[in-house]
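What follows is one structure encoded as structure tokens, with my remarks underneath.
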Amino acid sequence: MLKLWRKIRAHGRVAEPPVPGRRGPLAAGLRGSVQIRHVDAGSCGGCEVEVGTAFGPVYDAERYGARMVASPRHADALLVTGVVTRNMAGPLRRTYDAVPAPRLVVAVGDCARDCGMLAGAYGVSGAVRDVLPVNAEIPGCPPRPEDIVAAIREMTGR
Amino acid sequence: MSRLGIAGGVIQVLVVTGGAPVLTGVMRQVRARLEGRAGPGLRQPWSDLRKLLRKEPVTPAGTGELFRVAPLVLLATTVVVAGVSPFVTTASAIGPAADLFAVVALLAMGTATLALAAIDTGTAFGGMGASREMTIMALVEPTLLMSVFALSVRAGSTNLSAIVTAVVRDPARVASPAGLLAAVALILVTIAETGRLPVDNPATHLELTMVHEAMILEYAGPDLAVVELASSMRLTVFLGLLVTLFVPWGIAVTAAPLALAAGTAAFAAKVTICGAALAAGEVFMAKLRLFRVPELLGGSFLLALLAVAASVFLGAA
Amino acid sequence: MTGYVQSLDLACGALLVTAVVIVWRRRLSAIIRTFALQGTALAAIAAILAAHGHDPRLGAVAAGVLVLRAVALPWLLRRALGSGPDAGGRETRPLINVTASLLAVAALTMLAYAVSRPLTALDPSPAADAIPVGIAVTLSGFFVLVTRRRAVSQLAGFLLMDNGITATGFLTTADTGLLVELGVSLDVLLAVVVLRVLAGRMRDVFGDTDLDDLRELRD
Amino acid sequence: MSLAGSGLVLAVAVASLACLAVLALPARFRPAAAGAGAALAGAGGLVSGIAMLSGRTFTVALPGALPLSGLEFTAGRLSGYFVAVTGAVAIPAGVYAIGYARHAGTSRSACVFLPLFAVSMLLVPVSATAATLLLCWELMALTSLLLVLAEHRRRPEVAEAGRWYAVMTHLGFACILAGLMLTGGGSLAAGRHLSPALAGTVFVLALIGFGSKAGAVPLHAWLPRAHPEAPSHVSALMSAAMVNMGVYGIVRTGFGLLGGGARWWWLLVMLLGVVSSLYGILQAAVSSDLKRLLGYSTTENMGLVLTGVGAAGLFEDSGHRMLAGLALAAALLHVAGHAAFKTLLFLSAGSAAQRAGTRDLDALGGLRAGMPATTAAFGWGALAASALPPGTAFVSEWLLVQALIHGLRSGGTIGAVVLPAAVAAVALTAGLAVATFVKAFGTGFLARPRSDGAARATEAPASMLAGMGLAAAACALLALLPGIVLPALARAAGVAAGPAVTGLVTLRLSGAAGELSPLLLTLALLAVMMAAAGCLRALPGRRARRAARLWDCGSGPLTARMEYTATSFAEPLQRVFDDVLAPETDIDVTHLDEARYLVTAVQYRRMVPDRIEHRLYRPVLAAVRAWGTAGRRLAPGSVHRYLGYGFCAVTVLLIVLAVTR
């Protein structure tokens, strides 16, 4: 316990200062607060790592009013990573139905945008926009945490 | 039904309703800072609520009236407790309802209703959360009542106002073993009943580790807003009971505006400090295994019982 | 006067709570830490009584108790715990599970109160009122001694018992004979050393100090 | 003859008429006749009970009716209270029986004995002499036994329950008989001067006899068997009215007949009460048979009542009359409250079981859709039973806790040791009761049906609903305006110097600080709910409600097999109290023949046996069996042997006479 306290004292605040400039919010009524449900529609796991980083202490996406939640009923936005495989197309739609309006969909990473390198593979039923209406897309394979944070700030408008 | 009581009741309901989300914000902020993050700020919970109230309410297939009414019952029980307990003033808005037994029962009532709603959804997670919550509650209630007992032995009544007045008149009695034991027991119980670490992790995303969260997985929009508000108010009310029972300093004894203002400020300050301390403590804790929780509650029960015993045999003086 | 009563009550309360915590916790190192706290509380009782009765001898006893119970014994216990497989060990499976033993301690406390009523009735003074605490601590120490498997936690139970006896002694007759107190402390010390050696041997032999393994010695 | 007497006479007359009618009428009208008879008898009992409480007295002596000592009935306030409660239970049960029996198609006997059972329970409290009491007691026991056996043709387990009940109730009868004979029989009026030892023996015997009727642990073994197997209106009568007779007996013997007595009596009663309440609610919490759960909950509530009675005796013994009055008032109020909500619970559970074809909570569920009224009734009963505001038990348990807490300050070593333990037990009971009834209501009536029967269940007929409605109204009255019955309580609890609790809307303890107003509490709750709902409606920019499928984590639809059943709901509790309940689980895994690493099937069985029964009754039964075999050796069936026995007996008798003369 004492050790932990010393660690806390030693490190202090590790969150980087926010980049100035903001846009959005994408949807009226979501100003300042967006709860996010993350859906892995068939990702390699790279984007998950970056999303995790974006919510970690250094980038601290939570300070812009975003929070990861467990249930789509509590969510305002779906954060979809990876190509939409055949088995995940249905669950993805059901997840989207479970989200109460107003709701947003963000495609994270090249696979989610246009199947990336997996385009035309036999198990792939398409990119996210082929299944759901997409409001924002984050390029990159994997995308940089800064971009993810930027997209989140675009949603919350903070 | 004195003027003092009415004034206190109104102020308390307003303060608790408006302040509870802020308290949640404070606790999140403290935690964030200790983790080296910047934190979303104190207003975040309120903007979450504002947004939720504007979202569309959802009725899951196969749920009944109870599912829709439960959030209101939870809120109502909490608001009534917030209204009748002597937080800001020593008098109570509804004296006959300020009995500690009644207060405990009211809070249990809210929990039970939410558990029923969770079962009503018929999902596995709902049932799981309800089962766990009721198990914890069944073990928490005895401890609560025993600490009530310990506190009421000297005051000679289980009425909150009476106890608080007695403590205000003779502050030294708080420093007695009975008082301290009861305080520790009540703190443990508060942690367990409001679903904080190490009993329950309010920020978990993994359903299998959930207790309270698992019960509200199906709520959306305004319903969820009511549940969230009520939960944060429950936390505030529990902390408020703690501070008003053990450190009722600054509480208003007259209906003079100045006294009321001072009482309100003191109450807010004390609860905020308690909440911040709780959040700071959580940083150093890991969640307890579910079947170790009974040990914790058994311990708190024993402490409460010892508090009663101490209030008898050390209280002879 | 009230200050004296309150401080005495608080010290006794601390004695009781530490006893409860020793029953409660599983981790042996935590138990030892709590034990040190209890020693402090015990010394505090003696000191308070000394200050109240203006009894320098008792004050000296209090100092001795502080040194022995709050510093020396915990240190020895830690040594006994040692760096072997016991280090950071826990009382994994006591004969009676923790919740049950907590309830048992509650019952014992009530019992202590019931039996010590005549004693307190002899001369109703704040000190006499606190006698049940001493007896309760003694009983719960005995309980721990009976229901724990690990040699070290049994040792803790024994010392808990001894603390209870000492506290009762202080509370019954304000001026404990210095010799009595020293004698008690010395034989406790002896017991600790013996048990420590024993524990060490056992650790060397069995690599663990689970007393159930001792059964194998018999056959 | 006063109103009190005439009410009872009317009840008896109606009951006997109803029996004749049942015997005469064709099968179609039997249930109606029996139910109406029971209900009218109940009404008569209620009237006369209220009359007795308000001070009317009467005495009926029929010297010739019984060979040795005639029958004698007389009014009393305590008797009046129990008569009134019994009558009030009989009314809804009778009304309910009309519809229930018609659909269950019960036999003639089941219809004949219903009014007799009701009226015999009305007569027990007003019996004035030992002989009369024993007669009525036996009548009550026999009629209830025959009613329990009503459905034995369809279900074999009923017969077993009947055997248990018969044996236990007659052992109890024997104890009461012995006890009353030790007092010299005759009148049950107060002020009997016996030596302390004799009085103690009498009290213990009476405690055993009456306690077994009240279902107190460890004499409860028959209760969770017999109550579930009986037809539901009979279960209601037994569980809500008959168990009270045990309480009446203990109070009457202890305070009335023996006039107070030693302290250890009441400590014993308290111990019985505490153990019963804890053990009963624990068993109820882990039981997954709806009516068995209710049966165990009866044991729990009787335990709470006995705790109050014991506390009253304790305070009376230490000379705190006011506290004694308070404790006894709490106990009596709990008797009334328990009668109300247990009637409601058994009636609604009965119609649910009848409609869904099962009592197994694991197979029920989803009745909300098919039978909304019954669901509402059970929900209201569950709330009343779980000591939550605005519930019936909430008020009485508050009174009980107040009595215990204020008793602590009245001093005394014993009190200081016993009362905290009692409060702790009551508190734990209250907590577990909430969990239990959330389980019963949630998994039994809410969620989704887990069997075809539950899915097809439809609402019960009007008469059954009417019965439930009456009971629900009684619950509401006792929960919101307990002040109405307070004067009656004060009179019935004769030990008090005066009314221990006063006030109509706000209950105030007299002689100690403490007040509670369930009505105000409920109104405040309702007001806040209304206000909150209004605010939500008036919200700017609020959207329309949308129906959506359950969140199934995106996978296929959730089936009922994925729900939490009653068993799984109780699992954590059962794990916490493992040492007390000692559940038996066995898992057998069948492997694949080819590779024993591959599993074809895993079967998991878990049952929570009644441990006390195992530990206590098994050895006794074994001993009895042993004696039986020994006895059989004496009776090989040869006539000569039997004649020989007779001859020996006569000669031995003569020798004894010769020696003693």
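So that you can tell them apart, the chains are marked A, B, C and D in the order they are listed, and the count of residues begins at 1 in each.
FYI, a contact is a pair of C-beta atoms (placed from the backbone, for glycine too) under 8 Å apart; a residue touches a chain by one contact, two chains touch by 3 or more.
What you see is a predicted model, and the numbers here were worked out from it, not measured in a lab.
The pair of chains sharing the greatest count of C-beta contacts is B-D. Distance from the centre of chain D peaks at A, each centre being the average of the chain's Cα atoms.
Rounded to a whole number, the gap between the C-alpha centres of chain A and chain B is 34 angstrom. Centre-to-centre separation between chain A and chain D, using Cα means, comes to 59 Å.
As a whole-number value, the distance joining the C-alpha centres of chain B and chain D reads 35 Å. In this assembly, the C-alpha centroid of chain A lies 56 Å from the C-alpha centroid of chain C. Shown for chain C are the residues in touch with two or more other chains, namely 99, 110, 113.
Residue positions 29, 71, 73, 98, 100-101 of chain A each touch two or more of the other chains.
Residue positions 54-58, 217-218, 221, 294, 301, 305, 309, 312-313 of chain B are each in touch with at least two other chains. The full set of touching chain pairs reads A-B, A-D, B-C, B-D, C-D.
Residues 413-414, 416-417, 420-421, 576, 579 of chain D touch chain C in their complex.
Interface residues of chain C, counted against chain B in their complex, comprise 2, 5-6, 9-10, 12-14, 16-17, 20, 24, 98-99, 102-103, 105-106, 109-110, 113, 120, 124, 126, 129-130, 132-133. Those residues of chain C that touch chain D in the shared complex are 97, 99-100, 110-111, 113-114, 117.
On the chain D side of its complex with chain A, the touching residues are 541, 543, 546, 548-549, 551-555. Across the complex, chain A meets chain B through its residues 1, 4-5, 8, 11-15, 18, 29-33, 35, 57, 60, 62-65, 67-71, 73-74, 76, 98, 100-102.
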